[in-house]
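Each chain gets a letter, A, B, C and D, in the order it is written, and its residues are counted from 1.
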Amino acid sequence: GSSPNSTSTNPPHSNQQPPEKTLKLLYWQAPTILNPHLSTGFKDSEASRITLEPLASFNHQLELVPFLAAEIPTLENGGIAKDGKSVTWKLKKDVKWSDGTPFTADDVIFTYQFITNPKVGTTTSGTYEIIKDIEKIDDHTIKINFKAVTPGWYSVFVGTEGMILPRHIFESYNGENSRQAPGNLKPVGTGPYRVVEFKPGDVVVYEANPNFREAKQLGFERLELKGGGDATSAARAVLQTGDADYSYNLQVESNILKSLESAGKGKIVSNFGTLMERIMINQTDPNKTTPDGERSSLKFPHPFFSDPKVREALSLAINREIIANQLYGILGKPTSNFVVNPPQVVSPNTTYQFDLEKAAKLLDEAGWKDTNNNGIRDKNGVEMNLVFQTSVNPLRQKTQEVIKQSLEQLGMKVELKSIDPSVYFSGDPANPDTTERFAADLQLFTTGNTNPDPTAYLKTYTCDQIPQKANSWTGDNFSRYCNPEYDTLWKLATTEIDPEKQKQIWIKMNDILVNNNIVIPLIHRAEVEGVNQKLTGVNLTPWDLTVWNIKDWKKTP
Amino acid sequence: MTVIKPSQPRTLIQTAWRQFKRDKIALLGTIILLLITLAVIIGPWIYGIRPTEIDFVNSLSPPSWKHLLGTNDLGQDQLARLLIGGRVSLTVGVAAMVVAILLGTLVGAIAGFYGGIIDSLLMRLTDLFISLPQLPVLLLVIYLFREPLKQIAGPETGIFLLIIIVVGGLNWMSVARLVRASFLTTKEQDFITAAKAIGASSKRLIWVHILPNVLSPVIVAATLAVGTAIITESTLSFLGLGFPPDVPTWGRMLYDAQNYLETAPYLALFPGLAIFLTVLSINAVGDGLRDALDPQSH
Amino acid sequence: MTRYLINRILTSIPTLIAISLVVFLILALAPGNPMGEFATNPSITPEVRENIRRSLGLDQPIPIRYLKWVFAFLQGDLGYSFTSRSPVLDLILQRLPTTLWIMGLAYLLAVLLAFPLGIISALKRYSVLDQIITTVSFIGFSLPTFFTGLLFIIVFSVQLKWFPFIYNSTLKVTNLQTFWQQIQQSIMPVCVLGFYQAAILMRFIRSSFLEQLNQNYVRTAYAKGLPKLNVINGHILRNALIPVVTLIALQIPGLFAGSLVTEQVFRIPGIGALLIDSIFRSDTPVIMGITMVYAILVVLFNLLADLLYGFLDPRVQYQ
Amino acid sequence: MQYVVLNVNNLRVEFETDERIVTAVDQISFQVGRGQTLGIVGESGSGKSVTALAIMGLLPTATAKVEGEVWFQIPESEDYSPYSQPVNLLQLSLTQKQTYRGGQISMIFQEPMTSLNPVFTIGFQLTEAIMQHEQLSPKQAMWKAASLLQEVKLLPSDDELMQQALEEQNHQSISRSPQELQDKRTRKREVIQQVNAQKRAILDRYPHELSGGQLQRVMIAMAISCNPILLIADEPTTALDVTVQATILDLLQELQERRGMAMIFITHDLGIVAQIADQVAVMFQGKIVESGTLEQIFMAPKNPYTKGLLACRPTLDSPADRLPTVADFMDIITLETGEVEIREKTSTDRNKIYNNISLTSQAFLSSLPSDNPILAVKNLRVAFKIPGILGQTKRLLMAVNDVSFEVYPGETLGLVGESGCGKSTLSRGILQLIKPLSGQVLFEGQDITAPPLETSIWSGIKNYHNQQRFNQKMRWVRRNMQIIFQDPFSSLDPRISIGEAVMEPLIIHQVGQNVKEKRDRVAYLLERVGLNPDLMRRYPHEFSGGQRQRICIARALALNPKFIICDESVSALDVSVQAQVLNLLKELQSEFNLTYIFISHDLSVVKFMSDRLIVMNQGKIEEMGTAEEIYRHPKQAYTRQLIASIPSGIVKSHPFN
């Protein structure tokens, strides 16, 4: 059974509703809005994805699966223009919105207009900047014209950020009043289930959408997506007690997950996406301040991390195996690469190693010795004191502690700092504790490419992305690394239409970052889902949300 | 006819102590408290294992001769962490209490003594603090002052100062109300008029005459405040606003243990017991002190 | 009396203004930003961020934002949430029933437990019973609620399988069965909160009672030949109640914001959970809305406490 | 002996305090007959209240150990057949005790203010007592309560009430139509309604809305509500002033005669006992040292303690400059066995004390007007702002209204008047502890009246100079004018040792070079007021009332003031202690050449102390003159009434004359 009461001592009320008819999803972060383009987190997109669909999505084999598209554009079928500057999509003809209105090309065009309207302020608009305009060929065909040659034509209207909104619902809210739109809270979509009730921050209740193309094949009459609480108890609910059938993103230490899983109610499904936990090394000195108060300024290179030997020693001093095995377990595996997915573009040329002796030797060679016998290496009066920051998260704090222990053995003094995530990732230019300001020597966090095309992701190490006071700390090159060779490669990659050549460029860029120890990749992280033993059809892909194929989910009684 | 019975003159402290000694529970509380204090002060020196030492081979091992209270998931020795963490928790508890009591007494005393406009202004201020949502204020204060304090006092002392100021600074209101009410009644008593008649200044009236007489409710509030502060600190750790993660306070240990309740219950048991014993004995001492410090009760 | 009331209400207006100003400033200056979760997402460019800020009205200077907020507030408009883009008032109203149900029950339980226990331990001061009750109450407030909550879940949900530990807010009570379900899912959070409150309340009741026990009028009551029970119920209780009832009245606004932690542990979608979520999402309109409602409640209940005091104690006169 | 209602045999009460056992009552025996009054006298702490509480069974069961027998027997004439056998009250169960308590035996407590529950109306508290013992409906109980209040004269009798109502009606009826006037029946009904409304109104009052005397009457009404056979009155008048005391004593006597109750009347004042008792038992340190009929005790006291008690109360015609005290009559000797024995002093010792009688007051008085007054009060008005009901407009209560008088160096000016007439307010006004509304106070010719209240902060700043000057002057005033309060306990800070308390003025006014000098002065002062300087480090609660008052006197003397106001400084003390303190004040006056204003509501005490007298009534001076003059030839009716209410004692011949 799946309702919470089936575990209780009195069974009668579980007959009230056949449990197979209801699917209980548990998200420890609760959705607050059901418009993915206005949402502030994946939890919102997840809940929206049940009702809304993109044109197509990549599955985990990197094949495009059509949703609202009738077929996938290719060079062969003429969908992809030879010059790489446009793409033509054919849409399904028999699709209806959940309120019965037919779905047409106008909806796609409207969605583009809505996303890019600056007054609306959508969170996805950055992705759509590459589009010049969209032509409506007929009611079920559109042509997207790009501003430049665009090998990654599949980054728009595809996957997580590509969900199509109904024009007739949002038409009058395409402006400053977008937040009043009822469709934000009670969306009308083309997806398999539609929303019956939504309490922001708490629960979404769905029912089967009678207008869905394959309505007869749906596994459930009703879906309940409950939010709130913490990850551990969410895991407990699926794995140990069976109070829920599915739970999303279980960021729980693996030994706890394992012990919960042994109860037998559910199983853990890992999904190795693109997320990679990395240590960023500051190339500038966080302790020196410019006259106008700027720390980590390009004017002052880092006193010891600007030395490649020191960086190499640092990399050697990190025991990735221990971190992966003891802390992450099924949640991650050690990696030495910056780009970890899709597999085709992962570099085969890198390795990692844990060798404290070798690290010590490198430091000695570089002239960092403990001359004053205080246990800390120094050179020219500079002591190897460093601040290591990350966000508040048990796994990260433990990772920090493990690394700190090795570094202190090596003769560095490490101060750990953990910052509230809402501050750390806020991008607030006024706050010194953000990843952008990087007022520390090392920092730890996870990110990755959201799209199989890693070009945007690799851009984060180009010179013009360095956040400084001058550009009010915008830009993603937090390490403040600047290498003209790397920048040239990046430019090449954006215009290269030949997939094989483009792949080689990406790998080369990855190798520059890794072999120079500009970034220290630690863990290729898996997203872990808890799935009831009897729930079938869950098939995860790194390129879309976990409920992307919820129409195929079934539950054996 | 009054006869003066010859006996040794006693000071208030001596009488109080005599009275206190008779209160068995209070005495037991004092002893436990002293033991705990002693343990956290000298314990870490005597107990050889470093609290930060990571040892994955021995992670999550139950209490044994090697690790008296077992180890956590990183293989760190729990007893060593408990002893070191106790230093922080106890000092935070006591210091935050002192801040709260000082602030509350000051505000309450001024409001109760001077009355009128000053009183109503201060009481409105108290209302304001009561209705402030504490979490955002915490976030702001810690954000605004963490860096400057770190520059002055170093990372651990800085955050320590901040936490006691913040926890204390948001818990003085009930004390202020209490002190004000006692002030209002005490200042009407004859001995205050008598002191005025010999020309005592306001300062003297407050410090010498009224304050000692409103002390006993304050002491009870103070003992309660220590417990609250220790627990608030654990909630702060839970929000990531507390000490650096490698400083194992009791609250933090309890928080870390919550996921291991089934597999390793001892992880929660000992910090929980430590908090409980401390709060319990402080309260017992407070109760005893209240009775003992009231000269009329002997 | 009416004059007194009007007077009190008028004097509370500046307090409310000050509170709103302070909270607004704090929120405006505080770190964090509603877009935190997407910060490491490479597709959110600075321009996108700027657009979002503008669409939320965050580009305007703080004084203007504040004034706008005040005018809207005076018209009963609490604004729209940044994250869910729905009216703040709706969000609050949506969660009010749950909060009232859980917090109300918890407080009721606390009062029902605290009174008899507090009175018994005062009457039997220093006896074994008193010491047991006192010790239990100390345990009650020396354990953080996140911990007791978890303990309850493990014992009653996981091991004994008596109660569900996920609060189902969509459950509609239509018949006995659903009512029973509702009771089942409320028991654990109500107990965790109720025990904690009861522990605190009990201490107050005990000391308030102790204070009355040796008063002269108690002796008079015995001298009249009244049985002990009558003396306790009739005479001591009413006097001992005076400070306690005031205390309870002052604590009730706290129920509104509730115990954040308990709500978190049991996934109860109460107003407290909304507040803490909003704080972490820097959802200023929601925080402001809840805070102001809370502040108004505090002011109102302060007044109520005073009135109650006067009602219980005939010696008090309103000036 | 008449029919014995109560027979106490070898009653012994011990309290187990934490460190030792206190024997509060030690093997006492006495009997009370029907319709008889037993007076128990003795100093504070002698065990009087404990005896009463032991009979009632109200001692704390946890700490008190009661031994002996308390036999209670219902007189045969009453129809209480099941109880007519004597019962030992000490052996009854709790529920059995409850039927006696408040029913057959009832008690009036010492402090009426705190002995009633503040949150219930007196009507409720009365009916509760009535319904506890009698099968009455609430309504019946209420009427009974009203009639009890009439019995204790808190409420006029039905006839009087009816009369009042009728008068009022006639007053109103002038404006009425003749038709209505004729309808006699409606008029009568209206009158009855009005009477009932009046009764209900008083029953609906809360204790804080009644004065101390009124509350004591409520207590009495409660105690007699169920026709007790035995009434125990524990110092029922100590907290009240003489006028009220007199009416209460009359009332009790009258009630007792009418109902034939047996009564135990506890007091420390033999004067009162003389008025009310038939039998007297004198208690000293837990024992009954002497007992007998009133005549026996008063005419032929055997025990020196009794003799002392009898002598030490000032009477209106006692001319002596010094009062005899108990200590003049006896020595207390602690035997080797630990027992305490009372030894009589020889009369030669006593005579020695009486020889040094100084100058006669008559001569002193005639020299007065030629001096300059040390203090002159001119048209002084002191008012309190009384908040109107429910925050309406405030009104002013003129506690002191246009009072003028002068005080000359070296004299004692007595100030009498009943409670609430403004005596304390006047003294505080003189000392500037309260800001007077208008008028002037001149001390040694200097105006010491406080500058007017600042209405705003700005004018306050402007007048900063004036204020500074005034503060300067106040320091001088405080050194020279002192006050001793009524209640020695509450006027000492309980957390400050008595040495520090006496030293405090020295510290504030920076007298004495160093701590040692200051401590020497404190020691001298303590010695001077008859206290052992070694006790300097003790706290007020470790002293008796009389000793505490001596400490207050020492504190007042610390700065060598010229002028002291004694505000009811002896009212709260035992008669025996009172005599000591009064003597001390007199001695100090001649030694330090002090000027006193001596305030009391007890005319005999004031007369003993003062050269001149002021009689105050409702904030105004009623009469002023030499003490003898006012006593012999009171001009005002109010003064006459005051004099009449002083318990005279039935003792015709004083034992020492």
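Simple rule for what comes next: a residue touches a chain if its C-beta (ideal position, glycine included) is under 8 Å from a C-beta of that chain, and two chains touch if they have at least 3 such contacts.
Since the structure is predicted, the reported quantities are computational estimates derived from the model, not experimental observations.
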More contacting C-beta pairs: B-C or A-C?
A-C
Roughly how far is subunit A from subunit C, centre to centre by C-alpha average, rounded to an integer in Å?
37
With chain centres defined as C-alpha means, what is the inter-centre distance between subunit B and subunit C in Å?
24
Taking each chain's centre as the mean of its CA atoms, how far is subunit A from subunit B in angstrom?
44
Per the centroid of Cα atoms for each chain, what is the distance between subunit A and subunit D, given in Å?
86
Expected list for subunit D, residues touching two or more other chains, is none
Send over the residues of subunit B in touch with two or more other chains.
139, 143, 258, 262
Could you list the positions in subunit C whose residues touch two or more of the other chains?
31-32, 158
Listing of all chain pairs that touch each other, if any do:
A-B, A-C, B-C, B-D, C-D
Subunit D partner contacts - residues on subunit C that touch it in the complex:
1, 3-4, 7, 215-217, 219-228, 234-235, 238-239, 242, 312-315, 317-319
Along subunit D, where are the residues that touch subunit B in the complex?
18-19, 43, 305, 308, 326-327, 332, 428, 431, 433, 474-475, 478-479, 482-483, 485-487, 490-497, 504-505, 508-509, 531-532, 534-541, 544, 546-547, 552, 555, 558-559, 576-577
Which of the residues in subunit B end up touching subunit D in this complex?
1-4, 9-12, 15, 22, 189-191, 193-201, 204, 208-209, 212-213, 295-296, 298
Touch list for subunit B against partner subunit A, complex:
52-54, 56, 59-60, 73-74, 139, 143, 147, 155, 239-241, 244-246, 256, 258-260, 262-263
Contact residues on subunit A for subunit B in the complex?
232, 252-253, 255-256, 259, 322, 326, 391-392, 394, 397-398, 400-402, 404-405, 415-421, 423, 431-433
